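To start, the structure itself, in structure tokens.
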Amino acid sequence: MNPIKTFPKGGVHPEENKLSANQPIQDFPMSKQIIVPLGQCLGAPADCIVNKGDRVLTGQLIGTAKGFVSANVHSPATGTVAKVDVVMDHTGYYKPAVFIDREEQDEWVEGVIQTDELLTEIKLDSKQIIDRVKDCGIVGMGGATFPTHVKLMVPEGKKAEYIIINAAECEPYLTCDFRLLLEKTQEFLMGVKILMKAVNTDKGIIGIEANKMEAIELLDKTINAHRDLYKGIEVQPLKTKYPQGGEKQLIKAVTGREVPSGKLPIETGCVVVNVASTYAIYEAVQKNKPLIERIVTVTGKSVKKPCNLRVRFGTPANLLIEAAGGLPENITDVINGGPMMGKSVSVTDFPCMKGTSGILLMTLDEAQDRRQTNCIRCGRCAKACPMGLQPFLLHKIAKQNNFDETETNHIMDCIECGSCEFTCPANIPLLDYIRYGKAKTGAIIRARNQK
Amino acid sequence: MNKYTISGSPHVHSTENTQKIMYRVLLALVPALLVAIYYFGWYALRLTLVSVAACMLTEWLIQKFLIKGPLTINDGSAALTGLLLAFNVPANLPIWMAIVGSIVAIGVGKMAFGGLGKNPFNPALVGRVFMLVSFPTAMTTWPQAAPIFKAGFFTDAVTGPTPLGLLKEGGAASLDHAQFIDMVLGNRGGAFGEVCAIALLLGAIYLIARKVIDIATPLSILLTVFVFTGIFWLINPATFIAPWYHIVYGGLLLGAFFMATDMVTTPMTLQGKLLFGFGVGVITVVIRLWGAYPEGVSFAILIMNAFTPLINKAFKPKVFGVVKPAKN
Amino acid sequence: MSNTLFISLAVLGILGGILAVILYFVAQKFKVEENPLIDEAEACLPGANCGGCGFAGCRALAEACVKQAAEKGNIDGLSCPGTDMGKVAAVLGLTAAAFEPKIAVVRCNGSCQNSPSKVHYEGADICAFATTLYAGEGGCSKGCLGLGDCVKKCNFDALHIDKETGLPVVDSDKCVGCGVCAKTCPRGIIEVRPRGKKDRRVFVCCVNTDKGALVTKNCSVGCIGCQKCLKECPFEAIEMRGNLAYIDPAKCKACGKCVKVCPRGSIHAINFPAPKPETPALQGAEPVVKPQPKPEPVEVKTEVKPENTVTA
């Protein structure tokens, strides 16, 4: 095992609470009607290409990517399109979606290999792999949902030296990546190999937090057992510290390189891909399977049966909560994703999407008292900031709408990890203000660049 | 069914809060208070209670009737100001003076700027310096420590000079270093919170262990004082006393660990803290060796408080991924 | 002693004299010739530097006026939303187009009663941020969030949040119609409209363009796009924007007919005389009338905006 590494600056260590770590992945049965949102990735929503009354097969393309940063959407089930309408997503906003009345029998589109057999021969070349990733609508499944094919297209003049797999899973509570590593180890490692081929490199590093020893050992063992097959893949244990899985922090921890301010990770010769996405890429490239399902962790301290479920997209989240033992009493916070970077949920019947890594149910006790007091200038936020920013200052100047100052104080470098707000003893919603300032400053910068 | 909360991430928070921080500092000062009661008896206890109560009452009255804002009296910061103020005065100070000092500390030093977190100067020191210039005699008439089991709990203390006072009056020769151990334990004249180095260090270790204070500032202050006084001692041991006496005599430990670490009025970054500590150390030594007052920690910290915003501006943390000089 | 006194007096006196001379020359050198008309024109403007005219402040507008008057002989296109530009024109010896006073109008009535809250927001009091997190406490994704970005931006203290309804209220006396609030609102709820004759105006108090079914789910007074008002209007002043009716203030004659036919009570008529006894039958929106309407500015059927009656 490699010695444990970490990023040098800031970070916090919230209670890990990996309650569902020992729960094997269960297949979750599909509901009668599934509602597939067309905007499942960062960027523009897909264009719908089916009409009411059309019969769609499992895996059939129903929405085509619109624009550069966008991803295809496929039908997660076989059935008839009931309507193309809007549906409330977790924020309560109405978003375009395809409603599919499901048939009992799954009928896959042609060309998809449905066996569980491990396919180790990579037949496609680099360009074909990237095209396949694009066709299959694969996005970053850690929560940011950035289309993966965009990441893999190394710009002219740049060289990708490393494929780094983000297996840190530094978010408390979430265990979906951990379970996937344990249960689909070989498939995952093949995914890494495919990625290495896609960007033409022979180095793949799996960054993984040391609280997942089981997975580290298993990966090490598997790689050693098949040394020829997984040549160049390395497992790098990382200190259990949030935000270890932040892209820039991960690169710094693993390679010691720093992504320059305002630049993309490829500047350092690294391409970072999430575990679930890597697995999806294996499925897409080797079995031609589009992205229509993912592992969702349903968890929370008061949840009766925290679990990891394999869910087809479009399944309403409240059914998953039922499967985990129902909605406990006194739940005040329902979160789509992890507690540090997830999003608050307005309604629980939102459809699961590509970025739904977890559904977290918390009572007031777990979320902590948030009574605000005055800033006492303790500087803990600045100490916790992994980007070396001064959150207390950014909060102040963003509140004053002083967007020249926010820019010179590097507000655009904020990765919105929330370490500052987590650590603030005065419970000031620092990140809220920083996000606001970031949005405004970003708009000003874009307007200026357009001139 | 209860309504779900909508908030921006993160949705979990550390269990730390301002109140806990303040109460930990209060707890850390308890050993020093106990030693003070042991040596100065009822007078120390009385003064502490009065000054804490006066500070809390002042804050409450101002928040209730002048600002009409939220009442934050139980966050412990007013109590801490009161305790530190009491620690910095002679035990036999008349009660009314302590009350006036408390009102100035909270009213002028803190609430006038908008309350907790907005004051540029350490409120307890504002109160103390105000008293020092207003009631110079009472504030420099120091009772001598006398263990209560010998002298009695309610007995008036005998007044006498502090070690630093002796130094100022009669030079290095007038100090009897044979009693060094006694002085470390607190058996000496002086403000009743500052006398016992051991009790203060105990509290400081607790605070550092609980990560309430950063060791950088006190370390920088003590090192600066040590080196600076050490140089003069090496040059002329007849006029100047050894650096370790400088550290123990007077209020340096109390100031360094409990007042120069006040989060509100001191710099945030490591470099800033080191510079702040250096400044406090230099000013303290200058006042002690050549100033009109025998002790200069209060003034030194207040003066450096004024520089804090500048220091904060000058020393910003290095931003991830930014190479100096900033690229365009 | 007197010697010391004399010396210090002399030194300071001479120093003062020298500095005065230097200052005089410096002032001469850096003197900026400015048209005195600018000062006069600026005096006619409100001086709040709200930016509603499109310039950095009142002085900038005054400068622009003087410049354009000298170049083109008119001040067309330059106007302060809160002032009669006639005064400025008079200073410059010109005439300006007729002044039409304007006022900001809050086009959402999703109060705590009309659109009961389903979730509870905790975080920074910034509408522009909250809108990125969720649709709104009441569930309407187009409605007012009530965190008061507009209130904070108003230079005239003309907006405040009504504690009962959670909605911003425009103070008719103070609002000059500069439009800063309209630009600030992340959901475009506030619109600057002409005050209308006798300060009477009619507008649709909703900005939700969603389908009727989605609107009714969250709000009892939102426009559902039934188009009844459209058919009723004798002046063709109402147009449909998606599933939302919009009254064009330029065409509206404030007859109030649309108010009566609206089944949702979404159309508000402000400062109209007391309703006649035979109020129309459509009682659907009656139970959701805003609590505690102010008594005097009575209007037709719908709830009263607590704006003061200002009769011209």
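Labels for the chains are A, B and C, by order of writing; each one numbers its residues from 1.
In this text, a residue touches a chain if its C-beta (ideal position, glycine included) is under 8 Å from a C-beta of that chain, and two chains touch if they have at least 3 such contacts.
What you see is a predicted model; the values in this text were computed from it and never measured.
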Comparison of A-C and B-C by number of C-beta pairs in contact, larger one: A-C
Geometric centre: closest chain by C-alpha means: A
Centroid spacing, where centroids are CA-atom means, of chain A and chain B in whole angstrom: 49
Centroid distance [mean C-alpha coordinates] between chain C and chain A, Å: 43
Whole-Å separation of chain centres (CA-atom averages), chain B against chain C: 53
Chain A, residues touching no fewer than two other chains: 343-344, 346, 370, 429, 432, 435
Contacts with two or more other chains, residues of chain C listed in rising order: 118-119, 122-124, 129, 133-134
Residues within chain B bordering two or more other chains: 3-8
Contacting residues of chain B [partner chain A, same complex]: 2-18, 20-21, 72, 75, 77, 115-118, 263-264, 268-269, 316-323, 327
Residue numbers on chain A that touch chain B, as the complex places them: 9, 12, 14-15, 172, 248, 252, 258-263, 330-335, 339-346, 360, 362, 366-370, 373-380, 382, 385-390, 392, 410, 413, 416, 418-419, 421-427, 429, 431-432, 435
Contact set on chain A toward chain C in their complex: 86, 88, 91-94, 343-344, 346-347, 370, 429, 432-433, 435-436, 439-440
Residue numbers on chain C that touch chain A, as the complex places them: 118-119, 122-124, 126, 128-129, 132-136, 139, 141, 210, 214
Residue ranges of chain B in contact with chain C within the complex: 3-8
